[in-house]
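Two complexes are shown next, each including subunit A; its partner changes from subunit B in the first to subunit C in the second.
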Partner chain A sequence: MTKGVKLLIGAVIVIFAAAVVFAIIGSKPSDSTWVDIVQNNKIIYHLDLSEEKDRTFKIDYPDGGWNEVQIKDGHISIIDADCPDHTCIKTGELRSENIPIVCLPHKLVIRFSDEGAGE
Partner chain B sequence: MIKKMFALSTVLSGILLISGCSQKKEASDINMTSQTRDVFAMDTFMNMKAYGQNADIALSEAEKRILQLEEELSVTNETSDIWKIDHSDGKLVEVSDDTAIIINKAIEMGDRTGGALDITLYPVLKEWGFTTGDHKIPGEQTLKRLLENVDYSKVNIDGDTVSLPEDVEIDLGALAKGYTGDEIMKSMAGNGISSAIVSLGGNVQALGTKPDGSNWKVAVRDPFAPDTDMCIIEIADKAVITSGNYERYFTADDGSVYWHILDPADGYPADNGLVSVTVIGDCGLDCDALSTALFVAGYDGARKLLKSDPSFDLILVSDDHRIYYTEGIADCFTNISSMEAEVISLD
Partner chain C sequence: MKAHKLARLALLTALALIIFIIELRIDIIPIPGAKLGLANIITVYAVYKYSAKETAMIVFARVLLGSIFGGNVSAIMYSMAGAVFCLTGMLLVKRIVPLKYIWLSSIIGAILHNTGQMIVAVIVMRSFAVLSIYPFLLITGCIAGAFTGLCAQFLINRNLDVKDNKNET
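Now for the complex of A and B:
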């Protein structure tokens, strides 16, 4: 057996095993870096976190209220808000496709985008 | 040559990746577009996704139905059925068919679980502050006095007419979202949708399969790390409903943690060995009621009910970090946590 063939067999085994694991476990947590910031069903930001610079910005809710969003090292979170429960802040960084960051009073949702996220 | 074979093997592995499901539908179905809709109702975040040409109309109809149910079932809205019942001073109250169906189910599930589900716990829940977020530990005497009026068998229902003794109050929070899931599925199907999935505050219900014929993958949260997933199950046409102690809780000054699922027996947070109960079945209403009841009933209570009614599946997490699941989902259950998982033995 030549070195090349051995290498090939090795590579096939590795890729096959990776495929099996992927097929079983699925795509959670998300590999996607695309996120949507959605306010009452309207996408107000569509961002690729891998490209975004570190920054914070405020999102105003038309009926009153605000949330402060932070992008840092390719991760997104809500770090401050004037809502009473602060559930959005407690959620921390967005990590899972299944668990979006939600601010109920301000109808604000941050979640991984379908684009590039796969299912 | 080697490069070519490598490329071929990559392609083959890729095919394996996308063919993880058993059956395939026509190509036209696979290319079906989806629409999503967020709904902020019933004090929770709801997200719906529907596939097909009629998706937008179906989502709007489903949203209308959710808002209608919220109006009927809300415990705080003064025009709701529940508010009218709770402020009826013992008089008869006419309610909607929806409310009557849920109350009848609540009584049935109370009977089947030895009172582990009790919709008359509402005054106790209020005393703990779980309804307002203004949490406090009730005094012994207060709890004792309130518990005297906790008894779901005091709820009288005849057709669409309900009456309660004075001082008894109900709340359908343990069942409302499950019923809402069922009604969304009905509404979607009525609008020609054959593939849809909804999450109502973490409770998932699916209509049919994904458009490509494969099962939906639903994640269940790790109760010990609620921002991560514990397991994935694959479902079609089912509801997956979880009651967990991590959903609503507060930490008292002494460091003790108190959660919102109360034991009707003593009015304290139910502490019978389980920290999370997921019920998987055809009917969202049944699953929702059972997830709360079995959280209270504990492992033995859950096992007992399973023996008498094997029509649903369970994923239980105990306070000593173990996962127990039913044989029925063994083929579609993937544990992605560090906890040990074992099948519930019914022998």
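Now for the complex of A and C:
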């Protein structure tokens, strides 16, 4: 085993450990009930989930395409979309402060935000 | 380029493409952009067995055809950025890491692939919000990279290409 290989193995271990630490920090559930729905880096909805009634609505993407967002029992999720990968649907309900629901093809992000911010 | 070599490269591309398409049906990881990356078995194999140019040809053909066959052309930017990062990194790492530790260069390739994807995601979405999934991508990437690396290792141990080594360009 050469020096270079040892160094690289060390680097990989450090990166992996750092990723695990950040993942654990990142996956703590949020206590905020406010969510932002962001498209093209613009906040298009700012909602208080504890106040919202159960409903579903569609978000259209200007260049074609849509996502169907569902709010149910104070949880928000994307239940349908016409993008090919459906990653946003598989993400399920928004739970964690640091893991947003992301739809890359439609440049859509749903994430928790600070209370009242952006109002 | 000799017809023999061209045929081999085409065969590898076809193999990578088949693995890629089958893999599209196996999506168990609910993280955007996370994948097993089994098609990279071929990439890792090619990095060590063929020249940089030939490997690049295989990878770009696979990414291009893969996104067309997979019906997800909009994701091509992410795949392409990932592929470019991964390929450059692995070609550099190849100088340091011997064939015996091929799994290591595969992991490094996976990390770089995820980094490339993330950089494009930040640029495209003009937001750092997507960075929060980066740690998760890295974890799955490291594990998947180790797995594909080991697969490539087994492939190379079989020494399938004795004939190719003779007329290496």
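Definition applied: the second predicted complex is superposed on the first by the 88 of 119 C-alpha atoms of A that agree within 3 Å, B and C clash if a C-alpha of one lies under 4 Å from a C-alpha of the other, contacts with A are read in each partner's own complex, and residues count from 1 in each chain.
The working rule: a residue touches a chain if its C-beta (ideal position, glycine included) is under 8 Å from a C-beta of that chain, and two chains touch if they have at least 3 such contacts.
What you are looking at is a predicted structure, and each value in this text was computed from that prediction instead of being measured.
In the superposition on chain A, A:R95 contacts subunit B only, with no contact to subunit C.
Contacts of A:K107 after superposition on the shared chain: both subunit B and subunit C are touched.
Touch criterion not met for A:G74: it reaches neither subunit B nor subunit C. In the superposition on chain A, contact of A:P84 is made with both subunit B and subunit C.
Within subunit A, the residues touching subunit B in one complex and subunit C in the other are 4-5, 8, 12, 15-16, 18-20, 22-23, 26, 38, 40-41, 84-85, 91-92, 98-100, 102, 104, 107, 109.
Partner subunit C is touched in their complex by these residues of subunit A: 1-2, 4-5, 8-9, 12, 15-16, 18-23, 26, 38, 40-41, 83-85, 87-88, 90-92, 98-100, 102, 104-105, 107, 109, 111. Residues of subunit A touching subunit B in their complex: 4-5, 7-8, 11-12, 15-16, 18-20, 22-26, 28-29, 38, 40-41, 84-85, 91-92, 95-96, 98-100, 102, 104, 107, 109, 114, 119. Contacts from subunit B toward subunit A in the complex involve residues 2, 5-6, 9-10, 13-14, 16-17, 20, 34, 37-38, 40, 43-45, 47, 133, 199, 210, 217, 219, 221, 227-229, 232, 334, 336.
Subunit C meets subunit A in the complex at residues 27, 30-33, 70-72, 74-75, 78, 93, 96-98, 101, 104, 107-108, 111, 121, 124-127, 129-130, 132-136, 138-139, 142.
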